[in-house]
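In the two complexes that follow, chain A is the common piece, with chain B as its partner first and chain C second.
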Partner chain A sequence: MVGLSTAWRLAGRGLRVAVADPAPGSGASHAAAGMLAPVSEVSYTEEPLLRLGLDSLARWPAFAAELSDESGLGLDLRRDGTLDVAFGADDLALLGELGAFMEKLGLRVERLTGRECRRIEPMLAPSVRGGLLAPEDSWVDPRRVVRALLAALDGRGVPVLRERAAELTAAGDRAAGVRLADGRTLAAEHVVLATGAWAGPGGVTRGGLAGVPPGVLPPVRPVKGQIMRLRSPEPLLGHCVRGTVHGSPVYLVPRGDGELVLGATQEELAFDTRVTAGGLWELLRDARELVPGITELEVAETIAGLRPGTPDNLPLIGRTALPGLLLAAGHHRGGVLLAPLTAETVAGLVAGDGPALPSCSPTRFENVEETAP
Partner chain B sequence: MVGLSTAWRLAGRGLRVAVADPAPGSGASHAAAGMLAPVSEVSYTEEPLLRLGLDSLARWPAFAAELSDESGLGLDLRRDGTLDVAFGADDLALLGELGAFMEKLGLRVERLTGRECRRIEPMLAPSVRGGLLAPEDSWVDPRRVVRALLAALDGRGVPVLRERAAELTAAGDRAAGVRLADGRTLAAEHVVLATGAWAGPGGVTRGGLAGVPPGVLPPVRPVKGQIMRLRSPEPLLGHCVRGTVHGSPVYLVPRGDGELVLGATQEELAFDTRVTAGGLWELLRDARELVPGITELEVAETIAGLRPGTPDNLPLIGRTALPGLLLAAGHHRGGVLLAPLTAETVAGLVAGDGPALPSCSPTRFENVEETAP
Partner chain C sequence: MGTTATTATHEGGADELVIAGQKFSSRLIMGTGGAPSLEVLDQALAASGTELTTVAMRRLDPWQRGSVLDVLRARGIQVLPNTAGCFTAGEAVLTAKLAREALGTNWVKLEVISDERTLLPDPIETFDAAERLVADGFVVLPYIGDDPALARRLEQAGCAAVMPLGAPIGSGLGIRNPHNIELIVEAASVPVVLDAGIGTASDAALAMELGCDAVLLATAVTRAQHPELMAAAMRAAVEAGRLARLAGRIPRRRHAQASSPMTP
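Let's turn to the complex of A and B:
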């Protein structure tokens, strides 16, 4: 989604754009639940990521409206808030502290008793003791967004070449385009690498882009996530619901058509996208504790995707040390949320009239010049 | 599988046979794990079913050898026994009583300590306290059997019409063939109804055979079973392993190619074949307690099928009250095990030289003549 969004915003600037992707939207976007939840996902150490998320969340309504208009397709953008719930007294105390931290950061959040939680979400387990509602957190259907982006790109005449970009081509000390896996070449003044978990040096032998000089690509590691899509005759929930069960976070994201997404495991297992017995078991165990009624729902799909993780959990957005090569990658759990910010930042940098995001600079890591490819 | 096996055995008698099935082998056989385990599945009240199972198990090796020879396809028939394990002291006592009951019935069974269980199955949970090994219990891959039967029927020139048998046709007070859903008719001296959970009066409006006079078809109810197929780089188990966890029986059936089948829920939910969150959760929870190592295995498939249940849990094999109409249905959990016995019994009845199975007679139920269609 990050790559297609960037292409769309670049095309919107009147630039000539081409996309090379053997299967657009089939990576992390295809598995993602689509939470746009910077508030409820805030953590004590990651205020810079929070600020990026809030910035991008503020861009989502206009981004979605424009994309829907242009493509004629709905995105199922929902702005109904995330409810983060607690079970035991300890959980409740932790959630209370988190609420205080959020308020200190100036975030809007509402503290609810267990009864108040069940009043707004009647399917919650009776054992829920309390919760925090982040009323401005939102969510979207990433697969609909991908379809809309492809339609919008098509409408603008942007070619989406169903082929892998195999190798960067250079002219002097500047990126000059890419060679596709089928041998064709695309010449370009700017190359934007948006290959998610495959964007780092470790992805090159796995189908990532070859030919980038050593030290230019920062490390990116794949963080596997398994999710389940359940099907309900009618929506079971009105908010995104999340909680920490058995020490691991679980969330449930309801869609307008009755789909309910359960996510997600976080596994550091290299380029492994197998759905496992243990992954499904963990999701079902934890989600059942939050919302016992999921038991009766049909399992529509199980899938695993790879999030692109970076050493500091911040994405890689902007110019690399190689002139002409930009990155739009490394978004870890935030690719959907951060797509508008990323796309608009990269478009501004390429057009030459927009600011960089220093916290996301691909050149920020020490020794990145020395990283072996 | 019951229907195709019967057709194959009928053809083997030199009779002219045609099969009508829109999707052969796609019903209960497609979901079945393929246990041929009359000993470990014995229950205190069902000695007649045990005797049928032992009879059919004794037929399986020759049935499989002949079918493999004729089709050129392997069936993955394994004769390595079922290990039924116990966790707590209560479970162990119950298993001990079951062992005594089995021995009283003259069944061969070995009592193992927890350590002995783990010696023959090292992946068993450390909490397993003991077990019963039924060394003659076997298993087979039902999908391979279906493929082999289709190949063998093809080799014998038996037409397998990919169309539903919609309605029985009659001549006087005798069955005379069927009308297919596409309007074609098949004339036949004998009609064998082998439509599994759809064989009873309740199945008629669900795609079962219409036109059977009231009272001829005994009640058959669908009993839903959900299973999972996991994929292992190499076989995790050498035996079928079963146990009772949280009061519900669970089994794991290993295949030669590393597939491991987890089964199965038993749900009385009419004609519902949805895979549910609760069904998968129950399977994973229970199977993990038996063999924790399944956690790491890939989930290859989740599927639900409908077992055909009868009021007394015995199958429906033989002549109905309507001359010319026979039944080969109602096998509940035993369709794969009982396929050879059923096929050979029906073939004998049609050819006029074989004995009936009185305990399985479709006319055995009181008031069956009065059952509304």
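Let's turn to the complex of A and C:
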């Protein structure tokens, strides 16, 4: 989604754009639940990520409205808030501390008792002790967004080549385009690498882009997430619901069509995307504590995706040390949320009139070269 | 195993922790679970001064680039693989063998839990696994309850250290039964590592004052609001507690005793 959004915003600037992707939208965004929840996802030590998330969340309504208009497709963008609930006294105490931290950061949250939680979300288990409502958190259906982006790109005449970009081509000390896996070459003044978990040096041997000089690509590692889609005739929930069950986090994201997404595991298993019994069991075990009624629902899909993780959990947005090569990757758990910000930042950098995001600079790590002067 | 607890004193030069013949100048063993990001973990490990850090081998691909293992390697910290998440001796032995193959170390922190709610160690499965792993040439560091009898039996079975808990994993409740920890320390001739339950710096200092040879902790640092700062606090606490133990505390008295003469 990050790559397609960037292509769409670049095309919107009147630039000539081509996308190379053997299966657009099949990466992390195909598995993702689509939470746009910077407030309820905030954690200690990650205030810079929060600020990026709030910036991008503020861009989502206009981004979605424009994309819907242009593509004629709905995105199921919902702005009904995240309800974070706690069960035992320990989980409640933890949530209380988190609420204090959010308030200290100036974030708008409402503390609810267990009964108040169940009044706004009646399918919650009676044992819920209390919760925090982040009323401005939102969510969207990433698969609908991908379909809309493809339609919008088509409408603008942007070619989406169903082929892998195999190798970077260079002219002197500048990126000059890419060679596709089928041998065709695309010449370009700017190359934007948006290959998610494959964007780092470790991805090159796994189908990532070859030919980038050493020291240019920052570290990216895949973080596996298993996720489950259930289906009910009627939506079971009105908010995005998350909770910590005996210290283990889980979330449930409802869609307008009755789909309910349960997620997600976090596993450091390289490029492994197998769905496992233990992964699904943990999701169901914890989700059932929150919303007992889910056990009646149909299992529509189980899937595992790879989040692109960076050492500091911040994304990689902007210029690399190789002139002409930009990155839009490394969004870890926040690719859907950060897509508008990423797309608009990269479009501004390529067009030469937008500001960079210093906290997301691809050259911020040790052993990664700074941008050449 | 020929392993002995360190007996160094302040006169004997370097006060090193010795496990299975290997020397460590830091007595703080870290865990990696719960860190918000690898960068925060890296900063916390650096601040802790640790030389030995335990990593859960389940749900980790040892060949992945840029993983937690690379963070440890870059700092020159020895990896202590653990069997967290195992419920049976069979799973634990298998996990230890996979770790040995992948990491090229025969050290293992043996952890076999009895249930997910308390995460308390299962003594029977732990003993069973320890026997099998020792026979297979592993350096075994078992995580156990604060049970002096079990600690002694595991030492007799050839474990290189014993790691009694202060309180359940992640609870931050401190050392619930200091007396049992003292009993374990008194009887042990292998190092005693206080593992689990540490909430803040004074808990770590107390463990060392009770005579533990080292402290293992993770959550208290990784889930603190400022992990790097808490890691520095833990390092100082372990060092202070160790010095206090070596110095020998004064006896407790019911009434005051003037530190200088009351009359000239």
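The working rule: the second predicted complex is superposed on the first by the 367 of 373 C-alpha atoms of A that agree within 3 Å, B and C clash if a C-alpha of one lies under 4 Å from a C-alpha of the other, contacts with A are read in each partner's own complex, and residues count from 1 in each chain.
Here is the rule we use: a residue touches a chain if its C-beta (ideal position, glycine included) is under 8 Å from a C-beta of that chain, and two chains touch if they have at least 3 such contacts.
Everything quoted here is computed from the prediction, not taken from an experiment.
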Which of chain B and chain C A:220 touches, first, second, both or neither: second
Which superposed partner A:45 touches (first chain B, second chain C, both, neither): second
First (chain B), second (chain C), both or neither touched by A:296: first
Partner chain(s) touched by A:106 [first = chain B, second = chain C, both, neither]: neither
Chain B versus chain C as contact partner of A:228, first or second or both or neither: first
First, second, both or neither for A:270, with chain B first and chain C second: second
Touching partner for A:311 - first (chain B), second (chain C), both, neither: second
Chain B versus chain C as contact partner of A:201, first or second or both or neither: second
In the complex with chain A, residue positions of chain B that touch it: 228, 230, 262, 274-278, 280-281, 284-285, 287-288, 294-299, 302
Complex interface listing, chain A residues touching chain C: 43-46, 101, 200-202, 219-222, 246-247, 267-270, 272, 309, 311-313
Chain C to chain A touching residues, read off their complex: 36-40, 42, 59-61, 63-68, 116-117, 170, 223-227
